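Think of it as A, B and C in the order they're written, each chain with its own count starting at 1.
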């Protein structure tokens, strides 16, 4: 039953394997790119994340899955502190990126966000031209020379596998693109600031299957250059594209490990129930 | 079911009453416009627009009032437009949702309902006397600014609120600062709505006589103002004066002034509606 | 290289903080305006209340500050204001509500698109034009109906003010009615109700808070209106119940004195602030009452 899900797994040699003696669900290692330590998050009185301990490694694709309301989006949005925009949002514990706690007072949150790119659930290009959408990020961070911007725009659009489709109409309004193209534009926009980390919050949930598969191919390319964290409610997608998978339930991290291990041989009963579709 | 016929009757009465109500509004508007047009058209000519008021009705004109109106409204637009936008941006993009912000909302809503003559008295006491600016155009413009600012802020806030939050999130995620998001993403999108609202607010200001009377803009002005520190009058005050003069010809001059005022308002409102329609169509998918 | 980046960041932080302060100042201006109104009024009225006792001001029935012997009882002005307001509300509320019911429950889309702009135009006409209309058109007609009526009277002003306020009542009430969900109407229709019963027994009560808000707003507007009453209602402050007589409202009095350019600091000058303060307090009370009533009857869907 599990084998069906794993038919499209990437080659093993690209994945750093976990030691099997480790019992901790999160496994925090020194070379983790992103590290949650005893991390909690509240929206007002409601606690959305409970004591998360999780280490995300560099240059692989980590999927976060779980049923609705399990906190996976909150987890993702804590990484670039875009949760700060929500009133009454409180955190405790530590979130380390490159071993620095990003929730410490002296951290410049705008600079932090420049190092992280984010793609949202529903494509949200700016009401500007395709060119301007991609150029916006570099512009606000200081790049103003036209030739430099042109290079960055082309590079980002190529990185998002969109260049060939739009290179002749860069000045068209972004909303003239199809849904799948808009999402790839948003990916290009995220790439334009040359981030180290790419956060993707259910990027395919609003797209048709063909657009989805194009983006999944893209994701597998992206993880070679970026640390990608993907939130998805689509089990098969998690199995198809990710190297490591975390399973969350009602704000807690239940299990975390190599994707193949999680899907072939889950350690926790809850994980197994989720994978086999006993609840959604 | 023997109450059916009486119920039907009641239904028809309500419908008839509704139609009558709507007709009353319509007929009143027509009567009002016709009354002014018929009385005023004979006096409306180029001479009227370019002469000064005079004791002789056939030589009297509205020129100083026209200049005064342009000066006051121009300066008011200059002051109120940026102030209104900045205040609205602060309230929508920066202010935390706490009791202080709620108080400011409530305060602005209350100020929007304060009679214009109260603003006139405020202008008199504050600008004319306390700050010793004098009974001049600048005091008039500052008073008008305070008068229409609450309305501009309320309209601007609505426009800003209608900008989808997804745009802001996308920009923040790229590392944009609050001012960058506010000025580069939110404001361009909300701008047509804000512009429309401001033009409509200014067009109301043009028709206001009471606050300018309280500031004691002069009734009888025989010169055209050339600086913000000149005394002045505005079109509605000139109309008011002519109405109060005993001879019937002055009443008809007043009607001519009314036509000029209505034409100006018509133009301004048309511009505002044009902008609103043009940018509504361009809306996003 | 690192220093320059650090410097740029510090400069940006300072710039951001300054911008935020400037924006806050703009928003705070509104609070300052209210304080300014209160401050100026209280200050100037203080000069007035040094000479005139507040009891006489609030309860006296004669207002003759410009003639000897001087009396400073504000009741005639308040009475004048109330009389004109009541007449205008008596015109605007029935017509406005019926218009709203018609537009929201009966009218087709095409008809609505025709009527609404007319109402918007009515709302946008300057009050000085309404004043002219009252004096030159309405008063002569009324004089034919009531021969004992003199040219300046409360009835003319009240009627025309009522017409001016109709759009306020009708458009806000209509918004409130349109917001009532269709599911409520459908439930009533399914029980065999007719259109007028749905409109009066289902929609109207559900939209009550919006309707009340519109009426309160209209009252507040009527109380503060200046030009129509200055032109058409007269300048004789008197305590009377007869709308065919000439009266003076609070706003009319302020206008009269302002045109006369009373010397700064004189008792006449101070009266306009005392009257203005009374007006302001009245309007704030009306608005606050309106807000309270609106919240009390608000139903959320």
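Methods note: a residue touches a chain if its C-beta (ideal position, glycine included) is under 8 Å from a C-beta of that chain, and two chains touch if they have at least 3 such contacts.
What you see is a predicted model; the values in this text were computed from it and never measured.
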Chain of greatest Cα-centre distance to subunit A: C
Most centrally placed chain, judged by C-alpha centres: B
Subunit B and subunit C, separation of their C-alpha mean positions in angstrom: 15
Approximate Å spacing (C-alpha centroids) for the pair subunit A, subunit B: 50
Subunit A and subunit C: spacing of chain centres that average the CA atoms, whole Å: 55
Where subunit B touches two or more other chains, by residue: 177
Sites on subunit C at which at least two other chains make contact: none
Numbers and ranges of subunit A residues touching at least 2 other chains: 111
Subunit A - residues contacting subunit C, complex: 108, 111, 142
Subunit B-touching residues of subunit A, taken from the complex the two chains share: 80, 82, 85, 87, 110-114, 116-118, 120, 122, 124-127, 136-137, 140-141, 175, 186, 189-190, 192-193
Interfacial residue positions of subunit B with respect to subunit A in the complex: 96-97, 164, 166-177, 180, 184-185, 189, 284-285
Footprint of subunit C on subunit B - complex, ascending: 7-8, 10-11, 14-15, 17-22, 24-26, 28-29, 31-32, 35-36, 39, 83-84, 86-87, 89-91, 94-95, 103-104, 107-108, 110-111, 113-122, 124-126, 129-130, 146, 149-150, 153, 177-179, 203-204, 206-210, 213-214, 216, 219, 236, 239-240, 243-244, 251, 254-255, 258, 261-262, 265, 269
Subunit B contact footprint on subunit C (complex, rising order): 12, 15-16, 19-20, 22-24, 26-31, 33-34, 36-37, 40-41, 43-44, 94-96, 98-99, 101-103, 106, 115, 118-119, 121-122, 124-133, 135-137, 163, 166-167, 170, 194-197, 199-200, 217, 220-221, 223-227, 230-231, 251, 254-255, 258-259, 261, 264, 272-273, 276, 279-280, 283-284, 287
